[in-house]
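The following blocks contain the structures, represented as structure tokens.
After this come two complexes, each holding subunit A, first together with subunit B and then together with subunit C.
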Partner chain A sequence: MQPHHDRTLVAWLLVGWCGFLLLPWYAQDDGFFSLAWLNAGLFTDRDYASGLAQGLWLGRAWLLPLLVPLLLPLLALRQGVDPARRANLLVLAGLLGIAWLAIQGLAVNHRGPADWLAPFVPDRSRQYGMGAGAVLVALAFLFTLTNGLAGRGLVKGDRFVAGSIGLVVAVVGLFVFVPVGMILARAFVPDQFAGQFFDARIWGLACTYSTVRCGVAWNSLLLAVLTGLSTTLLGLAFALIATRTPFPFKRSLRVLTVLPIITPPFVIGLAIILLFGRNGTVTQFVATMFGIEPGRWIYGLPGVWFAQTLAFTPIAFLVLIGVVEGVSPSMEEAAQTLRADGWTTFKTVSLPLMRPGLANAFLLGFIESLADFGNPLVLSGDFDVLATEIFFAMVGAQHEPSRAAMMALILLAFTLLAFWAQQRWLGRRNYTTVTGKGDSGVPLQLVPGLRYTLYAVTIPWAVLTVALYALILLGGLVEFWGRDYTPTLRHIIAAFGVTTGEHGIVWSGTAWNSFTTTIAIALIAAVPTAAIGLLTAWLLVRQEFGFKRAFEFGTMLSFAIPGTVIGIAYILAFNVPPIEITGTGIILVISFVFRNMPVGVRAGIASMSQLDKSLDEASLTLRASSFTTMRRIVLPLLRPAILAALVYSFVRAMTAISAVVFLVSANYEMATTYILGRVENGEYGIAVAYSSVLILVMLVVIGIFQLLVGQRRLGRRTAVPVAAPVGAAS
Partner chain B sequence: MSVASVRFENVTKAYGKVVAVRDISFAVEAGTLVTLLGPSGCGKTTTLRMIAGLELATGGRIFIEGQDVTHLPATARDVAMVFQSYALFPHMTVVENVGYGLSVTRRPKAEVRERAEAALATVGLAGYGERLPAELSGGQQQRVAVARAIVLEPQVLLFDEPLSNLDTKLRRKVREELRDLQQRLGITSIYVTHDQEEALAVSDRIIVMNQAVIAQTGTPRELYEEPASRFVADFIGDANLLPAEIARVEGGRATVRVGTSTLELPGRALQPGAATLAVRPHAIRVHPQPVEAANRMSVSHAIYLGSHLEYELDGPVGHLFATVPAGGAMIPQGAEAWVTFDERSVALVPG
Partner chain C sequence: MRSALLTASCAAALCGAWALPAGAAGKLTLYCVVDEAWCQLMTTEFEKETGISVAMTRKSSGETYAQVKSEADNPKGDVWWGGTGDPHLQAAEEGLTEVYESPANADLQDWALAQYQASGGRTVGIYAGALGFGYNTELLARKGLEPPKCWADLIKPEYKGEIQMANPNSSGTAYTALATFVQLMGEEEGFDYLKALHANINQYTKSGSAPIKAAAQGETMVGIVFQHDAVTMKATGAPIEVVSPCEGTGYEIGSMSIIAGARNIEEAEQFYDFALRPDVQEKARLAKSYQVPSNKNAEPPPESPKLSDIKLIDYDFAKYGSSEERSRLLKRWDDEVSALPR
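After this line comes the complex of A and B, so read on.
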């Protein structure tokens, strides 16, 4: 077994050496994946040269010390080195390498070397952002370090686990903590701290006794609690109907509940306004029929809550469907044989077993609502919330970065509170219901009373959703909703027109550029998001290590930070070397990965804590490495979670707006920012038409994902033998 | 000297301040079945998991076939384990489960299939390969778990309470099957249970554990007849623990007084003075009439159980629980009785 682990190490060392010798050290203007360096002089050109060449004869001598940690592991690989000594050498090499990479990166920037380094290097020395070579060298150092730590007995000496933890810690630290630290450092002004914190605009309660507005913190908290509750309850209702009832339209139900999250921002808000606003269809209808004066009630808490519930119920649904399916039928059967009737069984056994899922769903809804930007922007009226206030404080006319940071801190505190409450509520009970024994039995069908109550709640909701989407689809096909209902295709043609010119097909529509960019970036981002998310979940559920709680919090943190803050933070942190990626597509991908990763983590944790741990252990004792165990046992049993993570990551990336607004550039415009531009110009037709095209595309992609991931094979007997093969269970 | 299959040298496992296993040493000879027996929380499962590599020792060294495996992870150890919950992979068929260990070690597909089928035949499940675990009964699932473990021909086979999910009748049958299989394959096995009868039935040797340390090691017979402590005497088979007095020791034989009786017992290197006697229930003779040197006692419970009678007796020597072959008349509850001891089933207990 020992040689096998050494092979992995040798491979990473080779990667590191390649990075130092054969790849351009610095980021290139032509783009990360451009191959221009191949004939531009890998060893001679100041822009394209490899690390070694830069250090030896291009005046960047500060790169040469990296040779030490690159050579050090070779000592460890010699025959007959004591394992403890080998491990220590590797740890030393990894630490030295990472430390020097960081020191030289911060000491020498785009303006030139720091004072202490200046005497040793030529005058005009400076460096750009890290390129392919530097990234590979950094990775090699990281895995050398984790390999050494595993060799010292960390995490039971498991190199794969150690490497995984190292990787997650490194990337989360780099792309979550560094940017956040950056923005806090920039905005934190010591003298004004107390004044900022006790600002009545944040904590005021004046609205309870006067007409003055309440503080944004209270508003956000109220909205988040309401949204968390409503989405969890609705999500549970849909999940129960989809799995525990003979409801005839279960499959369409699934599609329906997925619709709202594949909807671009502003669109739900716009649709709600078009229906319930002062000039809205419903409002006008009610006014004409019953003579009720049209009001502006939709602008404010009711409207935002309504829109957020529409938007986030599917998240709760996606989380809860896996949980409801995971409840062992034999436990319900056990309860029934203990004289519990159907309702009592549901109340005392099924529901408590779903508690982790319910808590997760509530937590997700709560945090989503806090961070939501698009819906409050359109619908909040006078009901200010933190997310939009932070945006206005940062980029608005006020420009108060320290106030924005203060509100970000408060937002973070709320999230912590939600996190803590969830841990307390779940307690330490064992919820393992999918055991290694396999499970037979028929899932309990809901009692009629409960079933019809659920129908009564969900069917109107579903009908409303259909109406909203019909409106979105039709809205793009008429001249001007609310005024001129003449059918037309001109919005579609303006955005997605294709003509044939003398050189073949011409993509003449104005939306094509942003459309293709969006699809490409969303697809690219989905895979690492799901991978890192599930890897993190696996580490959290299955591995023991000292700083697990801190690790869990760290990986969840990016979810709590509003996209607006992340956007500004990324610009501040990654605009200058050593990591210089603003204006590239990479920064968009990275922001999506770390914004959406927590969903994968949560879904993975919820599903994985229902898998018997001895399944993993059995695999390990059967000679499978922890990597093989993950690939062949854990992942196949986690298909619903993988599906959720992939789908959610993709659609979030396609529909994200808050962080993206800051990160797009001329080369990489996203669909949402394009739509935002059209909305700002009052071109609702094009905005709505573009949105409906996006929705259709996302539906297709989700369908393909569903086919690829397939179903979990648990060998349970199904209640309805003719159950649909694909749609009925995931 | 043959190399022991499994050897522990001063092994300790601590979780922070809680010590699960404290400084234990033992050796398991090749081809034998050794049971780790003890009440729950005694450290027996932790010990088993340390052999598997699922837990790493925090002190001491562990050897398998002479190789130091103390720091090797589970993957790298040549052991296989049958889990209490069986841990059959629910998304794989029976034959995929059994062949898993071979397929992850990159054996050719045909060989995997062939050896998996052979292992299934060994446990009497030929023809069940295409089923899913959920489609098998508990006993069948258990046998799949065994087949999955033996297919790799490991140096050591570990059983973690393998019978606890089976009903009693099946338990006896499966227990015999496991023992037969182990002897047929001659595979070194380590077995964890809290059921002393199960341990006596299947083991070559038993390691009794209590409160993180080894209480006694020996053959089933040694443990029963020469318990090293009050704990072992009480845990292995029932025993009446009585205060007694060693009058003198001569040539390894001790003369022991208990109440009005005097017994000649193996001295077990004890000194004259106060001592404890372990008296098996069936070593007690209960007489309705006075006999020489008998202890006079009163019968507090008398129960007829077909093949034998059970008495509970009280008297100056303490409280006794006795089983007597049925046949004679039963002494009624509340009556007086005279008690003597059969020296063959009485042992002095150190400590």
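After this line comes the complex of A and C, so read on.
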């Protein structure tokens, strides 16, 4: 298969040479697609010229050494080069290229060359951020390197796998580790370290024996464990009902469980206050019915836990539904053949097989709760948690970035702990249930006792969700939410008004700008998020390589870091060349991709650990490449995971707030920052009207995604209505 | 091969939006910290008058300060307009902002110029807002209480669990309140007052204006906030009454600074002069903002409490805005007040 691999290498070399010769090296003020560089002088203009022209006659001679690593691989392509020598050449070229790109990029920035370099650079040239040309050259070097490493026998010489690992490591390193490292390094003040770490505000335990508040770390941990447990259990209940009961409203149930994640931040919290707050509808009703003095119990742990459970159960559901569907009916039937009753089968076969899903769902709920910012902000009362404390340490009246960094580290440590615990719990067992053999079993229906218990838990929950959403939809259509329920359209008109002027339609509503930007950016971000997430999952589950655990943790890291920290870290890292993307839409897309990618990874891992490896092996035996195997075998079986990743990343991009606050700019304003501004000013009407519109849009988009991705077709029959539970029949 | 080309075209597409905010003439990047509607109004008015296109982003004071500081190596903003004075002073102290003397300075109120002098010419006052509190008239009537008029009323036992204020660690508003009590009553008495108040407080909110929103929703009876925020809630029709405490009160100076290394320095100066003009300052109330303008010739909005009717204390912005004094007071508040049971 040598020629085939050479073709890929040649293609990447071509890309690299194109980048160096034919595309502008630096980023441009007016954007690549304005194509201004085509007639502005690709070989003569200091702003628009290609790398080679910049190096040869525009005074940026430090770009010329890049020719060496660009030429080296050509030597490797000659006929009859010894494969080992060839691989070494490629590795050398890739390393040289990447190293020199980094060195020159950091040595000469927007202010000119670094001091030690100044004597060698006569005209004190400046450099701007990397543009199209530079990015392509960097990619070419990266894949030359991985190609060489594969040639040296890494990952069994599989070039596609090596390239994938290289890509994921490079982008995660660049967009997660670099910024986070920078902010931690800047915030870390050695002589304050101990004082900030051993702080009663963080670790205090006074609440266990007095009325003084406990430290934020304990609060966060307690909340995260509670939320992780409650979301996993509820998510499991919903997943079981959706797949294994004759419950008549399954479809609406699915929509219901999806609703809370597509709700912009603050809105659920506000709605909960309107129902259960001191002046809330339910509270007032109870007060007049039973003469109980209205209290403020909702502010604090109960309220936040409640809101988070509402908000994150759907994530657990999305992870678990794929897993519950994937549990092999044959195994359950085998248990029944051995005379196990329905309950025993469920307890000893179905449930243990769902373990990876349960563990992943808990991990996600736990981490989400730790990082959640919107709900605690509205509902936490005096129950402070790390996420909000970090935010206000960063941007509050007392600007304490080092304290924020310290708390961010603690938050990270908790995540690490959860991650480790999950690994321990799952152990080395095998959870494969989807094999190459057709599975002709019928999914087991739940035993009646369990079924009714689940109904009893989920139906009230569903009713509550419906009530909250009715209230939210209503909120945008009345004069003043919570006080004056006279119907009005004025909030909708203020936000989404359209009038006709002399030049046609005028989008006069104040929300249009942020609305279109948000949708475009969320859509653009969804695809790479899902792609990188699933690629990573595939590498983790299907490939063996040395640093797998570290790799896995690295990809989970960005999820665990609070958005505020990520936001500031991105400004620190990407405001100056070589990568200068602040103020663009790109920085928003990138931050979404790397913040939400872990969900794609988790969903992919959960589903993929159920797919028997023999499926891949069969394909590989038939001489399909690992790329073809992934595309034709693994991906189609992963449809639920793909859908989950796409939907989730789209939705998160639409509803993210804490990181986005720092990354939005005038041309790229996001819906959530607009809503936050309205909420801050007490204009709930517009905020809620806007949120309702966003919810509707997201529902439509999720529907479209579902159509596009389609259902996974497992060789399974569905139960015919007459079939009584098999256990009873035998 | 196909995959390689695909990757390449994706990469190329990615570079498309890889654009730098331009430094061409006729542009201004504005970091706006007041309410969205007022920000929009300023932007469109300035664009209409000068033809300069304004890229405006609205953020809170702390967020803007953190952003300006993070961007210091390669500044992206030109003007930082609005928001409480302390972060502006802090930025001036750190050299994050530029010295500029506007011809309009001659017409400014003394407090606006005091801010200018305290910062060495790096920031100037554009509006003032006095501290006070607002209460929910319906809740008050339901409990049958006398309307509170003074700070001293708020520590009466009948208000137990009815008062909200923000946490001074996170909110500039609440820190202004803390510093006000210290200056009004003396440090020891001020902290005794805060301890007594603590017993009546049901929650320290994160954001400065949250207490009055809670009061408007009926979630708390009294919220300690800037009076103009309370006026804004009242203007939306909430049953809120605004109180200017009888003992006197502190205030904030909303400020404006030009960011050091601004790319559009001429436009920034043009905006600076524009924002200090009396006719421009008077327009704030069209956007439902009721702060007191800093230009002597600007008419204060009729809805807002007149500064002349408010007993303003001689607030020492230089002292209480400094990092050491702030850290000391906040530490004391953490140790002595917030740690108390209630």
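Throughout what follows, the second predicted complex is superposed on the first by the 715 of 730 C-alpha atoms of A that agree within 3 Å, B and C clash if a C-alpha of one lies under 4 Å from a C-alpha of the other, contacts with A are read in each partner's own complex, and residues count from 1 in each chain.
As a convention for this text, contacts are C-beta pairs under 8 Å (C-beta built on N, C-alpha and C of every residue); 3 or more make two chains touch, one makes a residue touch a chain.
Please read all numbers here as calculations on a predicted model, not as lab measurements.
Steric overlap between subunit B and subunit C is absent once the structures are superposed on subunit A; the two fit side by side.
Of the two partner chains, neither subunit B nor subunit C is touched by A:Gly322. With both structures placed on the common chain, the touch criterion links A:Gly381 to subunit C but leaves subunit B unconnected. More residues of subunit A are in touch with C than with the other of subunit B and subunit C.
Once the two complexes are overlaid on the shared chain, A:Gly476 sits clear of subunit B and of subunit C alike. Residue contacts after overlaying the shared chain place A:Ser626 against subunit B, while subunit C stays out of touching range. In the superposition on chain A, A:Leu615 makes contact with subunit B only, while subunit C stays out of contact range.
Between subunit B and subunit C, the shortest distance over C-alpha atoms in the superposed arrangement works out to 14 Å. The intersection of subunit A residues touching subunit B with those touching subunit C, taken from the two complexes, is empty. In the complex of the two chains, the subunit A residues touching subunit C come out as 7-8, 11-12, 15, 18, 23, 27-33, 110, 128-132, 135-136, 139, 143, 201, 206, 210-213, 273-274, 277-279, 296, 299, 377, 381-382, 388, 392, 394-399, 401, 479-480, 482-484, 510, 568, 571-572, 575-576, 580-586, 627, 661-662, 664-667, 669, 673-674, 677-678, 680-683. By the touch rule above, subunit C contacts subunit A in their complex via residues 1, 3-5, 7-8, 11-12, 14-24, 29-30, 35-37, 40, 54-60, 62-63, 65-67, 69-71, 73-74, 76, 86-87, 90, 161, 167-172, 174-175, 202-204, 206-207, 209, 212-213, 216-220, 232-233, 236-238, 326-327, 330, 334, 338-342.
Contact residues on subunit A toward subunit B in their complex (touch as defined above): 1-2, 83, 153, 156-158, 434-440, 612, 614-615, 617-626, 628, 632-633, 636-637, 712-716.
Those residues of subunit B that touch subunit A in the shared complex are 52-56, 71-77, 79-81, 83-91, 100-101, 104-105, 132-136, 138, 141, 148-149, 152, 158, 165.
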